[in-house]
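In the part that follows, the structures are each spelled out as structure tokens.
In what follows, chain A forms one complex with chain B and a second complex with chain C.
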Partner chain A sequence: MSRLRIDKTLKLYVNGKFIRSESGRVLAVPTGEGRVVNVAMGSKKDLRNAVLAARKAQGGWCGKTAYNRGQILYRLAEMLDGRADALPTTKADAEAAVDRLVHYAGWADKITQVLSTLNPVSQTYVNYSRVRALGVVVAAPDPKDGLLGMVEAIGAATVMGNGLILLTDAAQGELAAALTEALHTSDFPSGVVNVFFGDQAELLGHASRHDDVDALYLAGAAPAAVVKGLEEENALVLRRVLKVASAAKPADPLQLQVLSEVQTVWMSAYESAGGGSAY
Partner chain B sequence: MTTYHPSMARAWRAARVDNAMVQSRTARVRTRSIKTTTKDHLLRLALSMVDLTTLEGQDTPDKVRSLVVKAKRPFIEMPELPSCAAVCVYPAMVPYAREALDTHFQERRVGLASVATGFPSGQIPLNLKVAETRFAVEHGATEVDMVIDRGAFLSGDDERVFNEIVTIKDACGAARLKVIFETGELGTLDNVAAVSRLAIAAGADFIKTSTGKISPAATLPVTLVMLEAIREHYLATGHMVGMKPAGGIRDAKLALHNLVLVAETLGSDWMTNEWFRFGASSLANDLLFQLARRDDGGKHYVSPRRFSVE
Partner chain C sequence: MQERPELKLSGALDLAPALESHKVKVPEHCGHYIDGALRLGKPETYFSNLNPSTGMPLGTVAAADEEEVDQAVKAARAAFPGWSGLSGLERGKYLFRIARRMQERERDLAVVETIDNGKPIRETRDIDVPLAAGHFFYYAGWADKLEYASGGKPVRPLGVAGQIVPWNFPILMLAWKLAPALATGNTCVIKPAETTPLSAMLLAEILDEVGLPKGVVNIVNGPGTTGAAIVNHPDIDKISFTGSTPVGRMIMKSIAGSGKKATMELGGKSANIVFADAALDQAVEGVVTGIFMNQGHVCCAGSRLLVEESIKDEFLARLKRRILTLKIGDPLDKNTDIGAINSPKQFATVQRYIKLGVEEGGTLWQGAACDAPDEGFWVLPTLLTDVHPSDTVVREEIFGPVLSVLTFRTPDEAVQKANNSEYGLAAGVWSEKTSKLFSVAHRLNAGVIWVNGYNMFDPASPFGGMRHSGFGREGGVAGLWPYMEVVR
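Our next item is the complex of A and B:
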């Protein structure tokens, strides 16, 4: 007896919830074997709601201890590893993605030490710079990088204490949806990582016109026209852009620094610790 | 002064609300889509109806001053936006608010509302309630937001609730009196309808849902029942009473849906800040967020960080 075909609806993952797009837009993507997945296409308003959610969640996320953030990234690796065989991608891609998360889990409580400095100043002050989270990052991983590309963006943004909105291509809906299911069972607080499906270029345009987005993460070779439009918008609000060629190698510390804010603190060398002011 | 008679209480308490109908009407309002120029107009109207409120134990004169400036000119980058209707503060903050209102942007008129009568519980003796009201009015409050004694109402002592409102109304002098029911403590919509009739009969200029200290607060069903009480009174006497939902209205969408309810129930005469107010603090920033986006043709969402917190 033949079974009834189960066509899956792939929902956006916003603020810890699986939601349909408020726009009602759906793209039917055939996946072979006669199956169709219905992909909810994220809209401008969905993005606005996601930015609100990410902004709200980000404070709590960067307020957690670095060690705890590492534990949570590691837990995501565990969740992804547990379902590695079922992921709609190659074995090599799935394994690389899990390993990449473990890589970032390790960085969580070490990156600050690498990027922070004690600055030499010629007065009686202790002067140090430390990295702080930037805020809300919108990332467009390169579809060619598969799951590894998505996971690389998640690791790079969240390890620095940022909230993230991940814009994935509708054609990769099933893979991204599998990732959201792992995210949902990991210990990431709601709203820290949000996942969209849709037209990456369109969604990036919306993101670049939302002034509350602090940084864009662009992987692979985006069309020159798209990049130019983004750069003009970014210049208006001094938004950061991190461009990475591919996810084959993890972001190095100087790339990660783009996703963080440097805070420099002056303290009088004569006063006890706890005084001083931050600029 | 109006006097109480038991037959009045029987009429108030006879109010019966059709819960199913209220739910269905408010559910329909929630699906209303308001776009383009209508939305633009209503967002501005909603902003002009906000009683910008700070009612915290940690309020300071400086916080009240910055609230006043915000109420007068909500967003510095868009000076053409209307001012809020009033600021709403505790009686002890009234002198500071008065001074700030008279100092900044004098060409813009913004009211000064003071809560009174032992806000938020209302559990102080009547002579202190009167003294508190007088203090607020003497120091420049143009509106008084009193709370009713919910304990008295729930135990059936309508006479006491009625006489308190009458007494406070008298103490208000020229100031307009808003009567807060704290509907979250009243239990049923029948009670909300009854207390609305009671307060209107006692001379309330405005009826107000909640203190903002208790949840649920200004839900659409409660607002609808109160609006219907106002309508009933208007049809019977030709006398207008204002409405102020307060508490829990944090986003522009819900504010616009409230306005739809007002327009459909009471008509356009009430669509002004003389007769309708929102008691809110964070609502103002969401309205500004929407207005600022529409101001540049809907191209950009602005960062909420561009608006002052208070």
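Our next item is the complex of A and C:
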């Protein structure tokens, strides 16, 4: 007599905890081996809680040293690599995802050096432009990009110091759940990366109407009508929407800067510097 | 607080008028500059342009309709392969030429700008025009070095840029938008503001004089409908807009789903924070520059004074004494500090806010060294005290010489109050304590922070806001990014 497989419940990962959706919505997804995974479908209220958690965690995350953030990203690579054979994806996808995290781990204490500038202004001020985190990013990776797509969004958003809510497609629940387990055992502080399963389009709609989200990250070729609707919503609060074609290559520095703010500081360089006033 | 005698300066500082004597031919009609040729535009669209310091007509302006905008976009598209295909060095040489020619015609530009806009000649002569030339000079040198601005990656231009500039810094904003767009290899369709079209006509002459290939820059005049025709044109790749936040929202909504990229340089309600340990007289200068430069028609104006409670009375006394030395009047007089409000419409807006500020419980104080002229549109430097963070005049952008005064007790409270705004364009911090300056500056949610200074601009210094003040930067290395992308 064959052994009865156990089903698995896939829970949302919010604020460092595995939770069911407050909505009670569950999607039963057959895996084809006489087994079912029950995917908790994230709701608007779950998203609201996740934004709160991400906002709260983000300050601490971007306040960590860049060196430390790099080590934490590297730790996530280690955790993912340790379970690479068990990940419900191709070997190539798993390896690319691990390598991508290594790439971002290395960026953490360098990207600000590449993007920040010391500006030679014609007044007695030390003028510098530094890149700083945007805040909370909501990302919808392209399901076609597999684990690499999810990891690319995590790397790009967090390396710039942002908190993240990753909206994964319910059909990829097991893969995303495996990622949350790696995240949970990495050293990422609770709330910095939150992972949802559900209907990406529905959740993006909720995110677009939430006033405490700083950017949307859309990967892949979403239908034009969907992008138009989202951009119209986000125009009302001048929220930026970063569109990424695919995760095949890591974000380049100019794409990464879209996930940050450039802050220019004119620091008076001499004692009792004048106000620059001609009045 | 030490009592000081009240200054009665009205009449005491009467200086002989020192009118700018440079003769300049003011264009009587502003048409369009499309595909390298000046056009009169369609007569049925003509509207008149006023001199804000006299209220008298300066001439006529044509409004480009969809057909004319389409011709401008087609010209820019046709010019794009040639312009973007030039070597960076050659492109840069054109920009250097423009910069040089602007320098040679600096006084023409300054006088025309002052007549058209109403701002003092001292500002156009010393700030607007030299900075505009400076932007071309700065970005000229980037044209052959773009990969150094992108982390070493090869880059390409976006295509045709549609650019819309406001009336508060007409020639400077033209330069802020054109210089980086051209340096990176884009071609442009640019619209000056409907109330300040004159300096763009001089710029068209300059572009002609330096032999810029036709179609690389196209200038179309007109009101918001012309702007909308640019924004909605299907063959535009990039929109760059400087103006109000409500219009910015409309533009973003219009281009949703189109794939057009955008830079939005929008409104602000910037805080100027003065700590008790600041060099107070210098801080007074900075507050005056912050809110009264260009009659407060500055998106990054320091319109919210946050002064540490313990020095509030002393600081306001010094500030008022300083304001009572400001000369308001003929913008062409070199002694003038405060010029005219740019348009009857803006004059009405400022008056409405002042009235509202008083209705909501604020205390009004206005002053200057002399009375405002009878003709034209004038607002004396204005302080509103006894206002609260929830008051309209503290939350909304007035775009006039109106300063709301608030107090704070601790650095944390100063940061919290400064950040309590839907905007995030700029801020000023005044103190002589370095550690406090850095810690406060870095916690402010604004794109530009002036420490012991205000309203300083430089071609090498990126400018732009956060939150509802928009996104994208103009100036510096970051000013190149919105006009190019990495070849992937």
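We take it that the second predicted complex is superposed on the first by the 269 of 279 C-alpha atoms of A that agree within 3 Å, B and C clash if a C-alpha of one lies under 4 Å from a C-alpha of the other, contacts with A are read in each partner's own complex, and residues count from 1 in each chain.
Methods note: contacts are C-beta pairs under 8 Å (C-beta built on N, C-alpha and C of every residue); 3 or more make two chains touch, one makes a residue touch a chain.
Since the model is a prediction, treat every value here as computed from it, not as a measurement.
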Superposed partners chain B and chain C on chain A - clash or fit: fit
Touched partner set for A:A221, first chain B, second chain C, both or neither: neither
Touched partner set for A:Q257, first chain B, second chain C, both or neither: second
Partner chain(s) touched by A:V51 [first = chain B, second = chain C, both, neither]: first
Partner chain in contact with A:V36 - chain B first, chain C second, else both or neither: neither
Chain B versus chain C as contact partner of A:V237, first or second or both or neither: both
Chain A as apex of chain B and chain C, Cα-centre angle in degrees (nearest 10): 80
Touched partner set for A:D212, first chain B, second chain C, both or neither: first
Chain A residues touched - chain C or chain B, whichever exceeds: C
CA minimum distance (chain B, chain C), superposed complexes, angstrom: 5
Residues on chain A lying within both footprints (that of chain B and that of chain C): 237
In the complex with chain B, residue positions of chain A that touch it: 48, 51, 55, 209-212, 237
Partner chain A, residues of chain C touching it in the complex: 122, 126, 150-151, 153, 155, 245, 248-249, 252-253, 255-258, 264, 266, 279, 282-283, 285-286, 288-289, 292, 322, 326, 337, 432, 437-438, 441-442, 446-456, 458, 460-464, 466-468, 470-471, 473, 476-478, 481, 484-486, 488
Footprint of chain A on chain B - complex, ascending: 299-306
Residue numbers on chain A that touch chain C, as the complex places them: 114-115, 117, 119-123, 125, 127, 129, 132, 224-225, 227-232, 234-238, 240, 245, 249, 252-255, 257, 261-268, 271-279
